[in-house]
Every structure is written in C-alpha cells, then in structure tokens.
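Lettered A, B and C in written order, each chain numbered from 1.
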Amino acid sequence: MEVLAALNLGDIAQIFSKMGMFPVFDLAYYIVSILYLKYEPGSVEVSRRSPVASWLCAMLYCFGSYILADIMLGHSPLDYFQHNSHILLASAVWYLIFYCPLNLFYKCVAFLPVKLVLVALKEVVRTRKIAAGVHHAHHAYHHGFFIMVIVGYVKGSGVALMSNFEQLLRGVWRPDTNEILNMSFPTKASLYGAILFTLQEAHILPVAKSTLILCFTLFMATSKVVMTARHSHGSPFALIESWDHHAAPTSPLKTKEELSEGTRKRKTKKAE
Amino acid sequence: MEVLAALNLGDIAQIFSKMGMFPVFDLAYYIVSILYLKYEPGSVEVSRRSPVASWLCAMLYCFGSYILADIMLGHSPLDYFQHNSHILLASAVWYLIFYCPLNLFYKCVAFLPVKLVLVALKEVVRTRKIAAGVHHAHHAYHHGFFIMVIVGYVKGSGVALMSNFEQLLRGVWRPDTNEILNMSFPTKASLYGAILFTLQEAHILPVAKSTLILCFTLFMATSKVVMTARHSHGSPFALIESWDHHAAPTSPLKTKEELSEGTRKRKTKKAE
Amino acid sequence: MEVLAALNLGDIAQIFSKMGMFPVFDLAYYIVSILYLKYEPGSVEVSRRSPVASWLCAMLYCFGSYILADIMLGHSPLDYFQHNSHILLASAVWYLIFYCPLNLFYKCVAFLPVKLVLVALKEVVRTRKIAAGVHHAHHAYHHGFFIMVIVGYVKGSGVALMSNFEQLLRGVWRPDTNEILNMSFPTKASLYGAILFTLQEAHILPVAKSTLILCFTLFMATSKVVMTARHSHGSPFALIESWDHHAAPTSPLKTKEELSEGTRKRKTKKAE
C-alpha cells in the first residue's frame, strides 16, 4: 500500500512538473505582478505622463527574472522578448490594469478571493522558474554551484533585485535600501529554493526534481496565500530567525511595510 | 512620365542609402554630439579636473548608441571600439572642442550657419543607425518585432537613454527625471522611426527601405534644423499631442529646457 | 659578463612571470581586499544585518576585476564563479575577517608588518591581471588597442571602478564623486600599466612581456608598501603632476581621504 502511495505521489509530481505554464499560469503571473506595480506610489501618474516608461516598468515586473538571468549568463537581455505572444499578453494585462474604463479590470483582479487564486498560480510559475534557472546554469557550468544558486535566485526574485533601477525609471530614487539588504519573503524563499534545487542537481539531495518542485510549490503557494489573506508581510521564516536572534519579539511589531500596506490601497484608490 | 519620375526617386533613394558615412557624416555626428556635451553645465570643469572622465563622456556621446545596442543584443559593449580610426577621429574632435587655444574650434562649429549644416548631417547618420539597428536585430531574431523596435530605438537615441549614468560619471545625479519619462524630440522620433523600420522589415509597410530612409532623413533633418535655428525645443509632434490632450496650450509656454537653452550658452562661455 | 647578467635577469623574469598565483598570492589578494571592505564605514553593520549583502560586497571586492572584464568582453559576469575553490577561499576569508571570535583574524592581518607583506603580494596579482586582461582582449580583437587598454584598466582597478554601485548594495549613495573623476593611485597606475602592456602587445615597446611584468610589479609593490607604511594616500605620480600644474602645492595639504584614514581605523575598532 505504501509503495503504491509513493508511486502515486511520484506520478502526480511528474504530471505536475510537466504541465505547461502558458497561458493560464503565465497570465496569473502577469496580473499579480502588474497589480503590485500599480500599488507602487506614483505609478498611476507615470502611466498618464509617459506610457512608454509605464510599459517598460510593467515588462520589467513581468520579465525581470528572464532579463536578469540572461544578463547573468551573458546572453542578450532582450532574448525573452522574441516570444511575441507572451509580450502581447503582458501588454494587454498592463493596458487593462492601468487604462480600463471605470478601473473595472483592476477591481476584479484585486477582489480578494480572485487575488488569492492568482497569487497561488503565480507561485507555481516562480518555483518552475527557479528550477529552470538552476537547470540552465547547470547546463552551461557543470560544476558551477555558485552560478546555479545565483541564477536560480535571480529567476525566483525577478524585478525585486533590480527595484532600485526600476524605481529610477519612474523618477524615484531610494538608495538607502535595496532588496538584498532587506529581503522580503519571496526573495528569501527564492534563495533557499535555489540552494535546494542546486543540491538536487548536484545529487546531494536524494529526491526527484519533480517531487521537489511539487513540495516547494505547495510551501510557496500556501505561505503567500496566507500572507495575502492576512495582509501580512511577516515571513514564515520569522519564527526561526527570531529564535536565531535570541527570541527578539519581531512578530507583534508592525513593520513599516505592514503599516504602509493598509494605506497603500487607499492611496491607489485615490489616485484613480 | 510618372513611371520615370518614380524610377528617378527610387534611384536617388538607392544611391543615398548606399552612401558611405565615414568620415564626413560621422565627423559631423561627433562634432554636434560633443558640442552638446560642452553645453552641459559642469562639463568644462570636468575636462580640467579629470580628462579621462571627460574623454569617456565624449565617447559615450559619440558611440552610446553602439554600446547600448551591443548590450541589448548580448555582444561586448566595447565591440565598436575596435574601429580605431573612428575612435581617434572622435577623440580629436573632443580634444579640439575642449582644449583648443582661444576656444577657436568651438567658436567655429557653434557658429549658427555651420552648426545647422552639421546638425542636418548628424540626422542622416541617426536615420541610418536606426535602419541598421532594426536590420541587425532582424538578423538575430527573425520574428522578434519587439526586439527590432527596441534595438532601433536605442540606436537612434544613443546617450540620451543612459543620460542618468553619463551624468553620474561627471558627478551629477538627477534621479527625478530621465529620457524615457520626459522624451525629447530626437528620442521620440527615434521610437517612431524604429517602429516604421520594423514594419518595413516585417513587410507590413509596403515601401522600399531606401525610400523610407530618404523620407525619414528629410523629416528629421528639416525638423532639427528648424528647431536649432529657432533655439526651440518644442517638437513637431507637439501639435498632434496637444490635440490628443484636448488642445492644451503647450506651445506658447516656455518649457524649462527652452529657458535654460538661452542661459546655457552664456554659462558655457563664462566657463571658458 | 653583461650578456650573462641580462640573461639572468631575463631568466628570473621568465620564472617570475610563470609562477602560479593560487593559492598564496590570491589569498593575500582576498585578505587585503576584504580588509579594505571592513575599513569602509558601515560595512560591519551590514555584515550583521544582511550577511548576503556583505558576502556579495566581499565577492565584488575580490572578483570585481573579473566581473568587469567579462562584461566588457561580452561574456557572462559570473564566469569566474565556476572556480569553486577560489570562491570558497574568498568566502572563508570574508567569514574570518567579519565574524571571527575576538576579531582575532582581523587583528592578525591588520598588524602592520603582516599587512605590508600581504599588500606587496596583492600588487603581484594586480600586475598579472593587467597583463592577462590586455592579452585576453588582444586575443579577441587583434587591432583593438583601445579595447586592450580598457580591459587591462578594469582588470587592474577592479571594484574601485564600480564603487558607486558596490556602495549602493550597502545602502550608501555618493553620486558627487567616483573613481574616474578622482583617481586613486592604484587606479591611475592600472591605467598607465594597461597602456604599457598594450604597447608591448602591439610591439611598439621593445621589451619582453616577462621583463615588463617584473618591473611593473616591483614599482607597484614598492609604491604601495611605502604608502601603506606611511599611512599616506599621496601618490608617487603627485610630483610629476604638481609639476604639470605649475608646482601647485598639493603635497603638504592633507586631502580628505588622508584625514579620514586616521579616523577610519578608530571607527572600525569602535564598530567591533
């Protein structure tokens, strides 16, 4: 019976890891990403003043991970832009989120139950990207374990790692912080994920890649859905980290990000 | 008779599009570009304090379009620097404009009738660069229409697109604006030009490339010569755009750039 | 007799230029580089707040020259990270310098007699890097003399040339200055070295490469050891340059860097 169960899990993982991402999962990824762009203060004004700058930012939000990974591996940063259908789909999402009459599309996708589904789908894409990034780097550098981790990391984190320069495109400059100095949960999870996938690729972690993809996707989707539902930025790692720092009481404290989370939406609504 | 006329125009366009750019047209391009560098506040002081920084800025002004296009296509950003004669010619122009005794060279090329000719010649080079950029990208990515537009765009705009980082090299940092957020006329025209040449390359625009080069060159040269002669930054697109924005009265207003245009020269003279 | 002496010098130069750099010389390079990182104000705090950011900075300090040269030649910026043993060695040095109990390792290597030896060994690596950079660029572009100089220059200067962005990673932003605008002695010497090695590669300088490596290493090691021993930032070029500028009295003046040199160590000690 147990063997059968294991076989079934393996089968499910196999099927799950072979599933195509385009267009459903990618669409969810684009919608959630550009939603986060609209949450950024000033981004609506930019979309009115300079549609080109706004479109470029949206492309960075959707394809930043591909651009960064291509740069890291010495390829053309525009390489992914040869997939016209992906670019057109992301452009359509950008148009609908920023310019749809009555702000209808934005209201639909920002409606919490819809958003929770989209957020879960986005994490499926993120995990796949990390696995693909590590695999791609492994193909180019067979024993370059550091390269595998870095490429997997940038594939998972995407635009967050270049947020300083993405903001600069919108005329905003905050040099006192960056995503590496103050890692958010998805960035940190991407780093751990990239390390896990690299260990798997190096045959140190004795587990099938499809199983790892399934498990990591479940962890990421659950975490992000719970965090989004609770409007929280406190990461699931906080428990372990606070224990590391001799039980510093980080959880009851509202961080700056959490406080701004509430006001963010009001501002976005006002900006419409 | 009409067939003959059309043939003649086609022949002229053919000859014009085959004409070599080096050294006459390229020389005009270098002179006008480095002239604009000298107009930048503080650039004369930089040339005294650090000739290496000043030379690097001059190279970015002359070859920024090649550097950006090479980066976009994943090549070495220094690739164009293998053409020693081009670099030496641009360096000679840089030396004469910044260090010539009595500021003689600067006075000659900044003399309006001379400058108007040089500006017209520069636009010939710009149009050729856009066409070559689109063609080059088409060669690398046969159906990558977005890539063609972007490469043609950066080939036409050149240093303007990296002005934030070019200024940083001179110790100036203005993060609140950039060329994509506030497009100048040449940048905007380069974008439209890149779209036109991409449509031509995709056989959607039913016109010969040589004809398109001729027409676009004439449009650019005329526009820039008129704008330079009138010391104006108001773009020929302003009419259409103001109509777009329900006839906002943008033309009678003096923009910040126009106001600074007048004072710019005085400052440059004083800095000598 | 003289022929014999020349032969001997040539032999010594030959043996010296063939000597392997890993692990002894490279280790000295990593120690001195990360020591300079620890001198930077705020770097100890960053190592506590975000070990990932601190590790990345340390890697930029150790391998910045490889990263920059790879970018300049259009290769993957992570290319050097395939050498796992080098990365692990540099990471161990980073760990010991920032996290060693009682700050023991730092105290040992910052002890002046030890530091002087390490500084001398570092300059051996620097000279080799310049020669290798010029040779590498010559291989890719046979007549690209400007490319050879630039690649040799970035190989010699390393992280200094991207100090603005390395600081940004630590949340520090000083746009009013950069290494090209205010060249330090090693950067300036790297530029002159790159020009010399390019002339040698182009057969304009009639001297064997091994001899040039030996002479330039001796000059660099002597200069840096004397400067470190005297806690001075006044460069050996200052004499020639002050003569150039009609004997401006630059040497008696304490520069901002020199003044901060003294306080720097106190601050670093306090930060422990």
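Simple rule for what comes next: contacts are C-beta pairs under 8 Å (C-beta built on N, C-alpha and C of every residue); 3 or more make two chains touch, one makes a residue touch a chain.
Labels paired with UniProt names: A, B, C = Trimeric intracellular cation channel type A.
Computed from a predicted structure; not experimentally measured.
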Across the interface between the identical copies chain B and chain C, with over half of residue numbers shared counting as same and under half as different, the residues used are different
Rotating chain A so its CA atoms sit on chain C gives an angle in degrees, to the nearest 5, of 120
Between the Cα centroids of chain B and chain C the separation in whole angstrom comes to 37
In chain C, the residues touching two or more other chains are 74
Listed in rising order, chain B residues that touch chain C in their complex are 46, 49-50, 52-53, 56, 70, 74-79, 81-82, 84, 87, 168-173
Counting only contacts in the complex, chain A reaches chain C at residues 71-74, 140-141, 143-147, 150-151, 164, 175-178, 180-183, 191
